[in-house]
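Here is the structure we will look at, set down as structure tokens.
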Amino acid sequence: MTDTLTRPETATDRIVLGPNQYGKAEVRVVKVTRDSDRHEIEDLSVSSQLRGDFAAAHLAGDNGHVVPTDTQKNTVFAFARAGIGSPEQFLLRLSDHFTSSFDWVQGGRWSAESYAWERISVDGQGHDHSFVRKGQETRTALVVADGAARHVIAGLTGLTVLKTTESGFAGYPKDRYTTLPETADRILATDVTARWRYVEGARDLDFNALYDDVKRLLLEEFTQRYSAALQTTMFDMGRRVLEAHPEIAEIRMSLPNNHHFVVDLTQFDLDNPNEVFFAADRPYGLIEASISREGQAEVPQAWEAATSFC
Amino acid sequence: MTDTLTRPETATDRIVLGPNQYGKAEVRVVKVTRDSDRHEIEDLSVSSQLRGDFAAAHLAGDNGHVVPTDTQKNTVFAFARAGIGSPEQFLLRLSDHFTSSFDWVQGGRWSAESYAWERISVDGQGHDHSFVRKGQETRTALVVADGAARHVIAGLTGLTVLKTTESGFAGYPKDRYTTLPETADRILATDVTARWRYVEGARDLDFNALYDDVKRLLLEEFTQRYSAALQTTMFDMGRRVLEAHPEIAEIRMSLPNNHHFVVDLTQFDLDNPNEVFFAADRPYGLIEASISREGQAEVPQAWEAATSFC
Amino acid sequence: MTDTLTRPETATDRIVLGPNQYGKAEVRVVKVTRDSDRHEIEDLSVSSQLRGDFAAAHLAGDNGHVVPTDTQKNTVFAFARAGIGSPEQFLLRLSDHFTSSFDWVQGGRWSAESYAWERISVDGQGHDHSFVRKGQETRTALVVADGAARHVIAGLTGLTVLKTTESGFAGYPKDRYTTLPETADRILATDVTARWRYVEGARDLDFNALYDDVKRLLLEEFTQRYSAALQTTMFDMGRRVLEAHPEIAEIRMSLPNNHHFVVDLTQFDLDNPNEVFFAADRPYGLIEASISREGQAEVPQAWEAATSFC
Amino acid sequence: MTDTLTRPETATDRIVLGPNQYGKAEVRVVKVTRDSDRHEIEDLSVSSQLRGDFAAAHLAGDNGHVVPTDTQKNTVFAFARAGIGSPEQFLLRLSDHFTSSFDWVQGGRWSAESYAWERISVDGQGHDHSFVRKGQETRTALVVADGAARHVIAGLTGLTVLKTTESGFAGYPKDRYTTLPETADRILATDVTARWRYVEGARDLDFNALYDDVKRLLLEEFTQRYSAALQTTMFDMGRRVLEAHPEIAEIRMSLPNNHHFVVDLTQFDLDNPNEVFFAADRPYGLIEASISREGQAEVPQAWEAATSFC
């Protein structure tokens, strides 16, 4: 078989391997803690990807460094035996394991989605071992290892919010393609996707409590003040989080503007004082920004690893 | 253009039009009630389909009876101006409108998904005009008109529940293809899709309150007793609903068995006393049944209209 | 454990079990035939559901009749060892196996999606063992067993077609909610979902060749003539299939009207002679009908099993 | 309204706006060219996002620079009037328009998905104006404007390929979590997502012909040689593209390893010489790399814009 792996050297001398990573994606692990009759449940979809010296696999079919993705999956399950704790801490443990176990693994990315459950209420009491998926937003977590450094990025996606008034859009530039009328009263609706990066070196934070509080602040700030544009409201939401939490260095958001168009009912001899709306799917506005703490060093390699590879 | 519509009579004399329906699907209407500073929001995706004498359109390209699907959409928006109330009552009004407005419309199906919102909490108070999508199950509603009759079917989908213990599966028949070991302690998890049919003639019920109570009963009953099989638990859930609500004639459920496999950690020198599970996607068990009140006449045309056309 | 399964008889005497079925859904089986260097591939997602006497499981937690869904899955894989042949024939074999192996299994439904692959072309030749997913429509198949009877329903879904002209919509009734202008030149676009039922007793047909020909006829007929409405075109497509194939008793279609709206470019001082369109997602028209051979007995239990349970 | 926009200066002096962009996403434009009876169709979903000086909108609710996303949408439709040509050239025209029309727009990202149609065949001839969606991969295109520079990145996603033999995985490191057996004969299957970056300054290329040839090369190379790992095959695929096309500076791929597990049929007294496989969904391997031309300058800002924002 070996000879089938030989590559013509003349062909490779100009084509080179650049950034690369590999691993196992979407390992769905459910951890039940049953120390007492009152069970606890943690529900994660974990992805593990390694970075380091894997050139021989790409260039020569030599798998001597390729820790199998199947092994990465097994490791996720094995590590869950000792408990999850928080997604961030679970991913930190995984990152330490892989970078310390294999010399040629110099870094990687470990990410998780987690799904919240709440106890089913029976006679006003939360049940001991029966749960219903909360089903609101999905929590996300990401740890990027870059040598000894650890970048921890928490987040959420799919948190759908809407305000029925106190939002408008006016004062914008007009050109020959502009047909949008100005408005001082519209619906503002979006699905919040946010990621926040903790300050460097943060490992021993109470990530679960921080998550809950950031979610609370994002929701609360969304309700505040008249919204002159989704940009303004987004910035305010981010600023509020950063002001409340010095542990957080930066927050990024990607917010679709979920358009709700007032239906013209005059054609049916009806008025419509902003009461009946058509909620459109596509196209939609898309507003994205980073809001950060001044003087906090940029960490581009953290974001480069946080986003899609291509 | 007329001659292009002529069909060779010799060809059609043996091929006939059977059951048919048409309309507009997934009209997303958001109704804001702003009688006071404390706004209310209703959020529905409505589908309208007419049944009746539409043969000329199919056979001869004659649209004289074809109420445009665009008109059906407009009607949904116009009717929303006077308020939704409950999805069921909104659909009943639509069904009455179409069957009374056009002689040749003898029936139809009107269905809706609705999405629950809750007020964003600020300082422990629900905000007046800012909301977050609840995001748990989707509520469904269906009205089938068949001449003067109205069949009302309410439902929900995507209600994900799980119990970490008090579930097993044993005593089943074995054949040469059986490899499943018996168990007296497993995770039981499913995504509840349920539809319940109200007794004939029900029009003036408090459908919103009924919905909330049926959801509560389904959740509560899921927690009860040891589950010998998903079938048993499903039947109990349905029976509980029927026992509590004489307004309901029948309930149907479609429950995937969301398998959670205990991971074998002994290969890593770890025990696993039902604490670490792999949650699989596909394949999955699928358990479906109707549970009904004896002596309550079957209404097959209601279910035929409730399900997918083909 | 037994006593936990006891049900209060007083509660059950009025609540009864109705239609029910259960099994394993979406078993993804890939069969490679490698008799020679030129491999063949069949790729199916199979669902198996049994019907019969399963009341004890629902009512009393007695699994004595419950052939595990896991066993049904194993059987699918084991039966694939001898080859698939066609989805319809594979499902017929499964239906015969289950109804003959277990006295209390009186029927069931076996369905499949199948995914087409084509050989990757290298130097104009199809490769022996490398394939690319064709990726166009998904083929569907369904066998319903009802005692000794077998109903065979073939189909396809996701076949997206469009004609850029020779379509209009006019002559429809107007009411106060009508705003749609008539047109004699529009885009007609739809995603074809079709299912056709073979005549009773059909078992030894060349289902693969029939499938290919039905797809060809549906596509060809879509192109023919001026379309006065999607209804007319749909009926013609169905009629064409029935005229060509006496083995087919009935065909049902569910066709969304994928609206393409002409963009008003006059506001930008541009004309738009039906060249630039906005393709909308939702809402959409939805046109559904059965087209059948006169005198061919209706088989409602076949369609009831073909569609969603609730 | 102005005073509601005032922000407390003391709060903002430490929180700053970082990278940001905004626009309209997923504008679905269908362009029909009907110069003759033989129509042509182009079908794109276009997203437009602007970068530049938008701080006032974020910080002070001042929309003076905010070209509405609605205007961006209108511009897409208006520009389509003159034809698409290729997605890349259409996006280049959009990028030139926005950066030259508004002083404060210093760059942006314009991306498109495009969907291929083929003529419906009637009597062996492609029809003049009736089409069927090809339905295989989705073509992607991206133009990043950064001042005067234009980075052009083409790509595809959803190209599903499989080889039934000539693939293995062996020689990998083992640790306490390794359970995977080595194999010299397995199925190799993946869904190709690739993006390739054209050399700087490329504007007048025949992007459509290049697309077709890159797709052909990726498919062909996938078939070649024994695959010692997906990494090796991926590198070879990329190298082949770069060797054939000096216009391309770099190619990135993200390849899931779509696991096909051999089913153990011995438990049913059947052999299984790599003929019956279970195709799993999740988890899956995920292999990602950049392959580039040595000496070709890295262009990180192009990739940063190509990937998801957060």
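Each chain carries a letter (A, B, C and D) given by its place in the written order, and its residues are counted from 1.
Assume a contact is a pair of C-beta atoms (placed from the backbone, for glycine too) under 8 Å apart; a residue touches a chain by one contact, two chains touch by 3 or more.
Quantities reported herein were computed from a predicted structural model and do not represent experimental measurements.
Please give the intersection of the contact partners of subunit A with those of subunit B.
C, D
Look at all chain centres (mean of CA atoms) and spot the one farthest from the centre of subunit C.
A
State the pair with the higher C-beta contact count; candidates are C-D and A-C.
Taking the two pairs in turn, the one with more contacts turns out to be C-D.
Give, as an integer number of Å, the spacing between the C-alpha centres of subunit D and subunit A.
Inter-chain centre distance comes to 20 Å.
How many angstrom lie between the centres of subunit C and subunit D, each centre taken as the mean Cα position?
That pair's centroid distance is 31 Å.
State, to the nearest whole Å, the distance from the C-alpha centre of subunit A to the C-alpha centre of subunit C.
Chain centroid spacing, subunit A to subunit C, equals 37 Å.
What parts of subunit D, by residue number, touch at least two of the other chains?
27-28, 74, 78, 177, 179, 268, 281-282, in rising order.
Looking at which chains touch, is this a line, ring, star, complete or other?
Shape of the chain contacts: complete, all pairs touching.
Going by the contact rule set out above, which residues of subunit D touch subunit B in the complex?
176-177, 179, 267-269, 281-282
Inside the complex, what are the residues of subunit B that reach subunit A?
Against subunit A, subunit B makes touches at 27-34, 39, 41, 43, 74, 77-78, 80-81, 117, 120-122, 127, 129-137, 158-166, 187, 219-220, 222-223, 260, 263, 265, 268, 270-281.
Inside the complex, what are the residues of subunit D that reach subunit A?
Residue list for subunit D touching subunit A: 1, 4-5, 7, 11-28, 45, 47, 49, 54, 57-71, 73-75, 78, 101-102, 155, 168-175, 177-180, 184, 193-195, 225-226, 228-229, 231-232, 234-235, 238-239, 242-243, 250, 252-254, 256-257, 282-295, 298, 300, 303-304, 306-310.
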